[in-house]
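Structures incoming, each one as structure tokens.
You will see chain A twice below: alongside chain B first, and alongside chain C after that.
Now for the complex of A and B:
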């Protein structure tokens, strides 16, 4: 409980400190809108040219896009301390400061940064979800809403786990940004589209290694009424948990890496 | 058992060297940052920790504060092993790095303190009393609403100190706290540290390059070099060993006056002044002054011990640091 209070307190403070530079904040938020709007434009053009991709109609494609956008940018908005800053924390020795306080390193990293500029990206995602839901005429039930919430939450945790790989590399002082970016930002761009539109190697990559398909696409497909892989509906409730398992595996490696941590000179 | 007990502390760093031309892989070099350091510190002590850059001071502090795990040796602080019980350990210590901030940059320092209160789970009542006490002692009252980035270096150091002491640590580590501060700020800071040490009984371990800090604050000083402890005791004892040269400046009424001194003592003329360097062990000060007075009418005479920084430099040289 205390940890959650600390997190909320930190977020309040971080947002207040971002608003110390209101004009810059406004411009950057606008820039995010242009960026994510551009991503969505790709879907609009695709749908305009072809009216379906495999079995997915226009509405389905909007829905998958929205699901990914909302998940990814929620993570970036509230987990920025892990998704953005970690290698910097290690390089500058700020990590030492965390180790000097009676709290977990990851808790403090989560509390160290927020990125409220991402609200425009999240808004774009929500718009896509609404359009998708309308076009595909989704019959919303309580169970479906709950399933979507589970998918988004597990997706967020998966993405945090993926970004932690970068954190681990940075502790061993290996420059690995490109490699990890292929999984994080690459995963985001690819998995805005349903998994079965990809060739086999990519399907394996984003189902087994970085299970975006299991956390987002399997439940998404069930909500759309077109289950993936011919799996039964209950599988959609279980498969997102892979994101949590992934996170805990990476956290184990992170613990190991922290024992290796050697700090920087001062 | 002593409050801090350090036995045969060892720490090695593996440094990757630049790849040699023609070689396939980069070579590795092991640097032994600490090679069997042992010492004890009692509760309430104010201890100075000196040594040239790269001697292993920061490494020791980082091990004692739980950031680094040593490669060998035993350490306990208040009965706890810092790196094994990190969270419980850091609840009882405070650390200030002179060149690194622990507060939040863009918010008023008061907001940073409020967050620290949550981080350390300080009870609200205790927090209020302690904050009031510290803001008064550190004269921070007018600055609480100012963002950290707008503070001067001296103000910032005071703000950092306040932040690191809110949870009433038993032990405070200070890594070069007076670096870059002006004379007034330095004096105020030293006064505060003495106050904190006496009032709260806080044990303070201070690393510094500013010998004035040591002279003003630390009854006990430890010298570290090449990862080994070279000296542990009172500052005057340390300096006594290296206090080999003094300089006498004398100004005579008669410009042509020249004192009769042994040939081993060099004599230099600087305008109207005569400068004589001598070693008090080889030639008694009283004898020298008597000779100087015999040579003419002395208008002015000063005897200066060697500058403390020079003494330390001589000491580092002799210890081959």
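Now for the complex of A and C:
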């Protein structure tokens, strides 16, 4: 419990420190809005031209887009220490100070940075979710709300795990390798659309290797009342857990990598 | 003129040094291209359009290949202004705008060619419906190459206007990000301009952003007939003159009120 309090305290301080430069913060937040707005515009224009994608109508596509936006940018907002800063910590040797303190390295990395500019991206995602659920006439029940919360939470944990792959690589090679991020950002761009859009190799990649489909699309499809793969409804409660399993597998690798860690010195 | 040429050459050589970093970027870009094409293929399967799918896939590959032409900027200028070493540049017997114009042009050209050649080779090898098709006609190819060159001149002029904002405020990241995003959307990188609603296209294709890559790509795929090419080239040339004129004035005003920082 103490760890969570520590984390929340750090978040509050980090966000307050960024708000000290209100104009710069405002412009950068606005830029984020234009970015995510542009992505949303692409979906809107595609829907306008093509009406539907396989069995998914306009509302369903907005819903999937919103689900991905909210999940991805929540992670970037609150997990910035892992999603962005970790290679920098290694390169500058700042990670050394983490090793001296009586808390885990991951906990401290999580507490080391926040990115509140993403709030506008999350807002765009929420708008997409609301429009999507209206257009698709989703009958919201308590169970469905809970299922969506589970999907978003597990999705966040999955994305954290994906970013940790880059963290692991940065320990072995001080030069940052942008290639590693292809899976993460590629996964975001691809899985804004339901998984059955893609040919088999990509489908396997985003279901088995980086299980975006299991954490987000399977529950999303059940909420929309069009279950994927013909799976029963209870499967949607189980499949997001794959995100957590993925995270713990990566965490094992991370432990191993940390044992290999040599400071960059001075 | 020779001074500008050698500034161009030096910058080109510098950009060429980073060949190793290019490979990772190319693999990423190819992966994104494949994802985008998979989405458009699925959409086409549901509701075929008048424009053939192969034109869309070619469009996506050409956009991905020349991505670096849109998003390459000179980080040195910002540092120079912050540290005050811009004073050295002011001592040169060159026009400051012209000097930075050829530098950014060399950077954009070399950076995008280094990436485009391997990517386009790969895209040619993909089967029809996934890959890059051959140009519509020999004339189309020649016109599109001319259009691409003009697009390069145009994007360099645009970049210099963005840099003009950098000279005004010491931290222009927000402004830069906004202008770059506008460019990515209106140049057809996020969604091919050919998939925008037809009524929008009539306006968007006249904007300067559409002159960078969209106009040459349409000449390549044959969406714009070769007979119409002179009109396109004329629009591009007009925009280059307008944008370079605005940039030149903007820089001259900035230069007058430029404060040399540091000491």
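Here is the rule we go by: the second predicted complex is superposed on the first by the 262 of 266 C-alpha atoms of A that agree within 3 Å, B and C clash if a C-alpha of one lies under 4 Å from a C-alpha of the other, contacts with A are read in each partner's own complex, and residues count from 1 in each chain.
Convention: a contact is a pair of C-beta atoms (placed from the backbone, for glycine too) under 8 Å apart; a residue touches a chain by one contact, two chains touch by 3 or more.
The structure presented is a predicted model; accordingly, all values stated were derived computationally and were not measured.
**Q** Would you mind checking whether chain B and chain C clash or fit side by side on chain A after the superposition?
**A** Verdict on chain A: chain B and chain C fit.
**Q** For A:193, select first, second, both or neither according to whether it touches chain B, chain C, the two together, or no partner.
**A** After superposing on A, A:193 lies in contact with chain C but is clear of chain B.
**Q** Quick check for you: in the superposed arrangement, does A:123 touch first (chain B), second (chain C), both or neither?
**A** Neither partner.
**Q** Which partner does A:6 contact after superposing on A: first (chain B), second (chain C), both, neither?
**A** first
**Q** Which of the two, chain B or chain C, is in touch with more residues of chain A?
**A** When the residues of chain A touched by each partner are counted, C comes out ahead.
**Q** Considering only the touch criterion stated at the top, classify A:97 as touching first (chain B), second (chain C), both, or neither.
**A** Only chain B; A:97 stays clear of chain C.
**Q** Return first, second, both or neither, reflecting whether A:20 touches chain B, chain C, both chains, or no partner chain.
**A** A:20: touches chain B, not chain C.
**Q** Determine, under the contact definition given at the top, whether A:49 touches first (chain B), second (chain C), both, or neither.
**A** second
**Q** Measure off the angle at the C-alpha centre of chain A toward the C-alpha centres of chain B and chain C in the combined model, and quote it in steps of 10°.
**A** 90
**Q** State the minimum pairwise Cα distance, in Å, between chain B and chain C in the overlaid complexes.
**A** Minimum C-alpha separation, chain B to chain C: 14 Å.
**Q** Spell out the residues on chain B that touch chain A in their complex, using ranges where they run on.
**A** 13, 58, 62, 65-69, 86-88, 90-91, 93, 95, 97, 99-100, 102, 104-107, 111, 114-115, 118-121, 147, 175
**Q** Could you list, by residue number, the parts of chain C that touch chain A in their complex?
**A** Answer in residue numbers: 24-25, 27-28, 31-32, 34-36, 38-39, 42-47, 49, 171, 173-175, 177-178, 181-182, 184-185, 190-191, 195-197.
**Q** Which positions of chain A touch chain B when the two form their complex?
**A** Against chain B, chain A makes touches at 2, 5-6, 9-10, 13, 16-18, 20, 93-94, 96-97, 99-104, 108, 259, 261-263, 265-266.
**Q** Can you list the chain A residues touching chain C in their complex?
**A** Touch residues, chain A against chain C: 24, 26-28, 30-31, 34-35, 38-39, 41-42, 45-46, 48-54, 177-179, 181-182, 186, 189-190, 193, 197-199, 202.
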